[in-house]
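You will see two complexes here that share subunit A, one where it goes with subunit B and one where it goes with subunit C.
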Partner chain A sequence: MEAKKVHRALQLVASLSIDKASQVFSKMIKVGAKIELEKVYVADISRATEELMVTDDFDVIGAFVDLVGDMPFKFLFYVAADDSLALTDLILHREPGVTKKFDLYVSSTVQELGNVLASAVTNVFASDFQIQMKPTPPQVVHDFASTVFGEYIMEAAADQNEILMIESMFKVVRMDIKCRMFLLPKGDTQKTLSGIIGAA
Partner chain B sequence: MDAVNEITIGMADLKVGKAPQVLSTILGSCIGLCLYSPRHQTGGLLHLMMPFAGESVHQLNYKKAKYADTGVAELIHVLKKTCGVATPEIVAKMFGGAKVLKNVERNIGGENAEVVRSLLKEHGIVLKAVKVGGENGYRIKFHLDTGKVTCQIFGGQPEEF
Partner chain C sequence: MAKRIMTVDDASIIRLMIKDILVECGGYDVIAECSSGREAVDKYKELRPDLVTMDIVMPEMDGIQALEEILKFDPDAKVVMVTAIDQRESLMKAIRLGATDYIVKPFEADRVMAAVQKAFGVA
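Then we have the complex of A and B:
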């Protein structure tokens, strides 16, 4: 019963923060970003990573952010390496096709997006739930999608075989750029959330 | 490669197969350990995450393949039980153990590699090829018809071991 309540509360938090992140993202790139997927689920680490190795067998640029504070989370935003070039052109207001390879501009763009999206999430926690959190500076990694995802879940998966994930996929309208965003509760976050629900 | 013959192995998991199957995985700081019996054309791939199980062995849904100390023994056991492979027939190849995140102090990949080396020595298994370390991910494909492993480090060309 308690687990169901926590799950529902996380769904609400996820829905609000992803909605906010999508608005911020759209404003930043000046093109509509549509949420294609939004889900909260419990995943077995072996099955989740095995599936990703099959579905996302390409390289990505990912921004890792730790959300530290009352309810710590780990945040990951990634975009396929090819799509990150078009995304960089959008953010830097360049003609499409100007950015041709992964460079400092691409890295900075993904870092900035990670920062802005993670901040949007923490703002929702603060304004709607009075939960204080702040994001650490994003670390950008260019690697296989499965390597990036594996490193992202490593800390949580060290103590658990099943992890609670909040996943969202954005599609940049008219450009077919797909990006994924993940939120992973850390440590006692679920317990804290359970306490908040109990007190409400 | 015929997709039907390719078997993917996720984190904290192990799988065994026979020629002409191909076992594949993608690694970061985890280790991919390939054990092979040339006579049986049979092998297994272990995708381990941590060096030691410690207190985790008491957990309800504890995964042996997550840890080097329990995973290596489990893979040897599964090869013996399902394919009749005796330990002296087994040769090993090891990959992965990268330090992908620079802001993480602990070099878990390096620790994993060291523990696997000593465990293989304890079991008397010859380590025929090693490619570990660095800062990038590894994609490996373990061909069970030859025992060869194609290893591609992110950003580089595939190499055969």
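Then we have the complex of A and C:
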């Protein structure tokens, strides 16, 4: 029963965070964008990795961000490497297609998107739940999605077999750019949240 | 004479965006770009720019610490904080320490110019 409550609470947090992130993302790229909450679920770590190897078996650029504070999380944002070129143009308010190769600005675009989106999540925790967190500087990675995901969950896998995943899909209306964002509770975060829900 | 600006952000794309806004507006020269708080403090001492735009979340030394160090060296320094963390506590801390203004990312060109012009006392 308590686990269900925690999952419902996290689903609410995820939904509010993603609404906020959606507004931020649209403002940043200056075209209509929507972020959809796809799933909030508890996954077996090895099974989640296997699934991603099938669905997202492509080259991505991602940003890891540690959210530190009252309830630590690990945050991951990634976009297909080819789409990151168009995102760079959109952020620089240029016609998509101008950026043709990976350079410092492409990597920096993903880095900054990771920073802004992770901050949107911490803003929801702070403003709606009085839970104080702040992001650490993003770490940018360029690899296959499954490898990036594997690195993302590596630390959690040492402590537990199951993780709670919040999965979302970003759709930039005119460009149909798909991105994913994950939030992974670290350490005692689920227990702490359970305590907060229980006391409510 | 053009005002000399230093931009500080670990994301090169943000430094580029701020530079483009300032150059397009005219009257400003971006004389240095830094990617960490530590680098910003060192460069400030070397170049004494007229204004600094300072990110908060950065590796090595964050923007709040860098602000403190710069103000210790030059109490009249003009520093505009740039942050994606729209959290009152961090921003108020920066203002209490002596930051001139702040900009929340993602930003509009008008907001950047308003903060910069305010720092120079331009209405």
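The rule is short, and it goes like this: the second predicted complex is superposed on the first by the 198 of 200 C-alpha atoms of A that agree within 3 Å, B and C clash if a C-alpha of one lies under 4 Å from a C-alpha of the other, contacts with A are read in each partner's own complex, and residues count from 1 in each chain.
Note that in this section a contact is a pair of C-beta atoms (placed from the backbone, for glycine too) under 8 Å apart; a residue touches a chain by one contact, two chains touch by 3 or more.
Source: prediction; values computed, not measured.
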Inset, instruction - Classify the contacts of A:Ala86 with the two partner chains as first (subunit B alone), second (subunit C alone), both, or neither. - result: neither
Inset, instruction - Figure out whether A:Gly150 sits in contact with subunit B (first) or subunit C (second), or with both, or with neither. - result: first
Inset, instruction - In the overlay, answer first, second, both or neither for which of subunit B and subunit C A:Val24 touches. - result: second
Inset, instruction - Give one of first, second, both or neither to describe whether A:Ala33 is in contact with subunit B, with subunit C, with both, or with none. - result: neither
Inset, instruction - Go through the superposed model and pick first if A:Lys134 touches only subunit B, second if only subunit C, both, or neither. - result: second
Inset, instruction - Once the structures are superposed on A, label A:Thr109 by its partner contacts, choosing first (subunit B), second (subunit C), both or neither. - result: second
Legend entry - Contact residues of subunit A, present in both the subunit B and the subunit C interface: none
Legend entry - Residues of subunit A defined as touching subunit B within the complex: 45-51, 53-54, 59, 64, 139, 141-144, 146-148, 150-151, 153-154, 157-159, 161-162
Inset, instruction - Using the touch rule from the top, collect the residues of subunit A that touch subunit C in their complex. - result: 24, 27-28, 88, 91-92, 104-105, 108-109, 111-112, 115-116, 119-120, 122-123, 126, 132, 134-137
Inset, instruction - Note which residues of subunit C are touching subunit A in the complex, please. - result: 10-14, 16-17, 57-59, 83-87, 89-90, 105-106
Inset, instruction - Can you check the complex and tell me which residues of subunit B touch subunit A? - result: 8-13, 24-30, 49-50, 56, 59, 61-63, 65-66, 98, 100-103, 108, 136-139, 154
